[in-house]
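Okay, so chain A shows up in both of these, paired with chain B first and chain C after.
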Partner chain A sequence: MKKNISTGDVLIKVLTPIVAVGVALILGMILIALLGKDVGAAMGDFFSGALGSTVRIGDTFSKVAPLTFTALAFAIASRCGLVNIGAEGQFYLGGIAAGVVAIYAPGLGIPAVGGLVVLVLAIIAGFAAGGLWGLIAGWLKVSFGANEVITTVMLNYVALYLNRYLIGYDGPLYDGSGQPQSAAFQVTFPKGFLIKGSDLTFALVLAILGLVFYYVFFFQMKKGYEMRVVGLNPTAAEYSGIKVKNNALLSMFMAGGFGGLAGTSEILSSQSRILQDFSSNYGFDGIAVALLGQLHPVGMGLSAALFAVLKSGGLAMGNKGTVSPYIVSVIQAFVIILVVASVFVQNEYAKKKLIKQAKAKKAAETAEKGV
Partner chain B sequence: MKRKKGLIIGIVALLVILAVGLFAPENISSTLASFIAQDLRIALPLAVAAAGLVYGERSGVLNLGAEGLMLTGALFTWLGTSLMGGNPWLGSLLGMFSSFLMALLFAFLVITLRSNQTVIGVSINILALGLTSTIYRVVQSMEAPVYNFPSIAEVLSKLPVLGPVLTSPTETGVQLAIAGTSTFGNYLNTILSQNVMVYIGIAFIIFLQFVLFKTDLGLKVRAVGEYPKACDTLGINVFRIRYGAVLFSSLLAGFAGGLLVLDIKSFAENMTAGKGFIAIAAVIFGKYTPIGALGASLVFGGAQALQYLVQAIGWKIPGDLMNMIPYLVTIIALAGFIGKTHKPAASTIPYTKE
Partner chain C sequence: MAPILEMKNITKQFPGVLANDDVNLSVEKGSIHALMGENGAGKSTLMNILYGLYSPSSGKILLNGKEISIDNPRDAIDQGIGMVHQHFMLIPALSVIENVVLGKKDNKKIIDLKKDADAFVALGAKYNMKIDPYALIEDLAVGQQQRVEILKAIYRGAEILILDEPTAVLTPQEVTELFKIMNQLKDEGKTIIFISHKLKEVLTICDTITVLRLGRSQPSVPSAGTTREELAEMMVGRKVILNVPKGEYKPGENVLEMNNVFTKKGSGSLDDVSLEVKRGEILGIAGVDGNGQDALIDAITGLTKVTSGTVKIKGKDITNASARTILEQKVSHIPADRHKRGMVAPMSIRENMILVSYYKEPFSKHGFINWKFVNENSEKIVEQFKVKTPNIDEAGGKLSGGNQQKMVLGRELTRDPDLVIAAHPVRGLDIGATEYVHECLIDERDKGNAVLLVSTELDEVISLSDKIAVMYEGRIMGVLDKEEFDITKIGMMMAGHV
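== the complex of A and B ==
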């Protein structure tokens, strides 16, 4: 199949996500109306909650970092042909590891330097813990052929219960307060980054660096190219001497690592201790962010910002009691479905174009013969 | 040969269960009996969903949205049962219908539009989680008493002639006649005193096995999953078979979700908690056969029933660690069966008619 890239194709690529989001939002509003709620009031709560003031905007954008990282967790595996549904579990593992460092490392006599060393250690620990959690699914896949979708989902639940156990009444991290929670972090990411008084932290910068890394790795480096070849055609990769299994393992480690960074950035930005069920669905949000962004670094950054608004507006609606914040999941699902289904439309469009070209050619030929 | 191995394991397991009941001391036999009873109760929804998923998988469609179908079925079974004066039969019908509608969307996307089955499956789960939780918060106030399906003793007692022979009345209702006759009678009573749906479910799963391997329709389903192109040439409508298999399995998935609701008589957000995925694992672990899926479900159900066993023995293991076990067992089961599975050749590959 020869691909002719024209302005029409580019236009479709850019328009698809915009149309998808628009349609998904309309469907969401229809659902709110069907449930007998006041759509106008709900929208009002939504926008004032997400973007009502400068501080609110800052709070909303504090969600961009974890969303970007979980999107990367999906995208990196996806580029290698794997489906990582495990960002939720990797999020927990990363958050727990980073949290443990933030609780205990300052007591170990590590030079403080404004807590910077501890924070760097926490980030490394978060990446490593999430990475290893992702690696389990990768290892099960390459060594035993276990479907990674199922194993990552199972590992999500294992991670959820592991966290509950660790900070629960019988757990080693329980602080003895009567609430299932860990001791308080000694160091966290300083709040009020860029916007004073908001929850925004420099995790946002880390997330942007993550996107830059993603671009450089996959589109400038040989290893990333290899990984993409594995994702597009494992058989061809094997024949050209690329080690498919090693690439799969590395991609699951990296994917898990970014899932872990999501947990790290969330727990050290907006929480002061490890709490029960601390990931409000970030792992699954990441899938929608990645797909809406078409696995492109800029696209994912933009869709992370959009989903931050959706998530924070959804929470605001939930807090006001108008509509369940789960409405955001509905919108998310429609976004994914529409983006994925649009591939069909794009293919049909390409097919029609080819047929049209062929017909034109044939017509030209018959016309020539006629003369 | 391979299928015989499963049969032998099954017969040996039954003999061991009988032997323990006959010869073990009462404290051991009663612990085992309640473990088996719990296992059957927990395995039923998994097995029903998995047996249906076998059909979809055999036709070449991996429905990773099973979790979402079960959750949808659960909410609407609860709603239907609440609205119909607690009648579980009518409630289940609504649950099955709701799951059917979700599956129709899934089938249209992956069969007609040839979209990526994995991603669409996952998004069906997200959609179902969002929809059910949003709707539940609105209709929560409609809560009315929900009744489960009748127990086997209740059903048997209504039989003419045999009823009084097989069952005996108690102060609150009826029980199987074997209860209280002897230690072994009590043992069997604990195991057999199940909801009637356990019996119907197992019978239906055996029927599904028969249809899949001994009938023309079953052959068509399997052939479409192996070599759709050849089927198309022979005049078998690949799309129709795949739609049929996916929609049929959605009815069972919705019903299975409803069983979860009827079991605890209420709905909770995300109450399926991965059971749809465990059902898919049961399909793989059960080598893509309905009876195999039933066996696998009993293994996974047993992993969850372990917590009752641990409680009975008196070990103090934190509940959160116990809760991990079914998920860990599922992972181990998936990993332990490399190369031995019978994955259909055209699994997850969309069919394009030329």
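== the complex of A and C ==
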């Protein structure tokens, strides 16, 4: 069977985001120059901070897992026609649940096995807690028609402040240290995975498995097919006997679950206790990662890596004090705007191609007639 | 006589589509000129160019021998060109006269409605049209609304009137009325361009016929001496069988039985409907659109709630069962709106082919879709039902309307149905595809399956059905046997007279 996709189509699809990112970086440099700072030094800090040594690369890539999971949280809902802006809140819920398991489970006589059982329990708890958080928005949607964009955004605040309460001075998880924080985790993901001395953990593998699951679920399994039908045409779903509401609920649970896994992987990889505001904007970055990756599993993995570089490079720039780390937020915004623009470029390309084909067809017909 | 209107070498290029390709149209003053063609042949594009909604890529328009440019509908109206769109451009909440003066160019700051109303009523009287200028549009029947539209165009000084598929929404009696008005307008020297794809109507009312095919105009022919078959051939480009032969009528036991069915009150809800469809039978549902046909289909297929009464399929009570349970009773449903229900436009053909069966073996197994089987099966259906596509990975939405319908038809008919529910199965299809769909439906009947056919095209219902049930305001006005098929009688029933 011949696929109806030319190499030109693929090339344009792959090239446009790359060009978009390149242009965004150039715009960022112009911005730094306009601020009167040393562009060369800033960029040097940026790249050496993000990718300067193998350990640094490992540190940078430790951010890939939470970014991938929050991207999945957006993408899974999106495939079912829902807009999940709530990954940030789901991140907190998942992180808290996993953290609680990591603090208290080892004291409950669970067999140690290098903490493996506890970690598995923490992952399950993180998924379930994030999933239930997502499910609230799903339930509000199917029962009362409440717009999920609004409810998920609101639930983000609820989650943020819930966490502040839990570890605050009156909270049940407060460790009494005088700082708003929980007791220390007894078990965490071991660092130095693949790269010795780096912050990289096994969570990266979990994230890749998450992407594989995403592909298999939506494109090989019948439940995923069902969900895509609901997302693309809910009335056709009803016609064929697919239960639209059940699918909406399940997709919000799964999306929330992956948001929860993001929190789990972050808290058990790079933190030793539950702290205040422990998500550094991962939930919202995930939306950009998913969109830049065009909801494609490989695309999302690559864009998660890109955002990890942007995040850790930005941090390095800020630490060195050459420029404000917020410049990187501006560059990220450039990336998003340019990627959106690149969609127009792709459409324009497709349109031009169609016109060319029509003209060629007409020319061929005229030639055939022999007039 | 010199032509009042000439459109010369009109070409209109849209991205990817050459909608009009060197089209020529010449219309005599005081004539009724038909513009025919299949869907997508370029009729609407050409008329929208004439009415100033599109500008042509090349070509020119001559009015009374003088070249004119029409940049917007206002220009067109100023030049004496009026258009009655298929979907009326009236504001339902306003009165007739308010609609008429709306956008009139000589309106003062303070509008003297009374003056316009008197003039409008007088104009109506000239054409034997009684019109209450202060009635709200929403209270008028469709036929009356159409008359308001026509009169409005004339009131604004139209000499050339474009009527876009004006009979699509009318009962046969209303069509007769419309034709009377058209003839009267013609006698007064007005010129009418009549857009239609109905062969019979065009031959009845028009003087000259221009056929568009694939964006190109065919040489005009006089309607006198032209036959339906010749016209069909001009439109399609090959010989067409207009009446599909059927096997002998041998009805078997009931497959579908509805007893005193009501659905939730609302416009187009069912009101005490009882019906039966037997094996080896096509039951046609005739009626003007919006008289409960949608609710009827939804009630049978589990897509709307039945508030009282029973629906049985092969003796099994399926009243208010889920859509899936009902489809599992070997029911195939070809929905009225294929974009809304029948297919998922962004999905590939192979994904569309499993829309109803994806959850069953052999389409899927242990929760996974069996793509190998699905692909082979889709290839088979595409071939059997002649769906024109480069491959089965093409998005369903990229196919032409006829091919989309063949895809839906192929999916539904290869599920080995006992009952086929076909709602407007040829709506928007060209003659060639229509012929094919009809053959398929008759084939199902001849195989001994039950077919419920809902259509607003009376000709289609009459030529395919073994029995006809006429619907009006959610009720069945009566069920007619073949020997009682009479267009006048059915027309009366469609209008609510028993």
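The working rule: the second predicted complex is superposed on the first by the 357 of 371 C-alpha atoms of A that agree within 3 Å, B and C clash if a C-alpha of one lies under 4 Å from a C-alpha of the other, contacts with A are read in each partner's own complex, and residues count from 1 in each chain.
Here is the rule we use: a contact is a pair of C-beta atoms (placed from the backbone, for glycine too) under 8 Å apart; a residue touches a chain by one contact, two chains touch by 3 or more.
Keep in mind that this is a model prediction, so the values were computed, not measured.
Chemist: Touch check for A:Tyr239: first (chain B), second (chain C), both, or neither?
Modeler: second
Chemist: When the two structures are overlaid on chain A, which partner does A:Ala288 contact: first (chain B), second (chain C), both, or neither?
Modeler: A:Ala288 contacts chain B only, not chain C.
Chemist: Between chain B and chain C, whom does A:Ala333 touch in the aligned arrangement: first, second, both, or neither?
Modeler: In the superposition, A:Ala333 touches chain B alone.
Chemist: For A:Ser324, is the partner it touches chain B (first), chain C (second), both, or none of the two (neither)?
Modeler: In the superposition, A:Ser324 touches chain B alone.
Chemist: With both complexes overlaid on chain A, does A:Lys223 touch chain B (first), chain C (second), both or neither?
Modeler: A:Lys223 contacts chain C only, not chain B.
Chemist: Count the residues of chain A touched by chain B and by chain C, then name the partner with the higher count.
Modeler: B
Chemist: Residue by residue on chain A, keep only those touching chain B in one complex and chain C in the other, then list them.
Modeler: none
Chemist: Once bound in the complex, which stretches of chain A touch chain C?
Modeler: 1-4, 220-223, 225-226, 228-229, 232-233, 235-236, 238-242, 351, 354-355, 357-358, 362
Chemist: For the complex, give me every residue of chain B touching chain A.
Modeler: For chain B paired with chain A, touching residues are 64, 67, 105, 109, 113-116, 118-124, 126-127, 129-131, 133-138, 269, 273-274, 277-278, 280-281, 284, 318, 320-321, 323-324, 327-328, 330-331, 334-339, 341.
Chemist: Within their complex, state which residues of chain A touch chain B.
Modeler: Listed in rising order, the residues are 31, 35-37, 83, 85, 140, 143-147, 149-151, 153-158, 161-162, 164-165, 168, 170-171, 284, 287-288, 291, 323-324, 326-334, 336-337, 340-341, 343-344.
Chemist: Quick one: which bits of chain C touch chain A in the complex? Just the residue numbers, please.
Modeler: Contact set of chain C toward chain A: 13, 15-18, 21, 301-303, 322-325, 327, 333, 335, 340-347, 351, 354-356, 358-359, 364, 367-369, 371, 375, 390-394.
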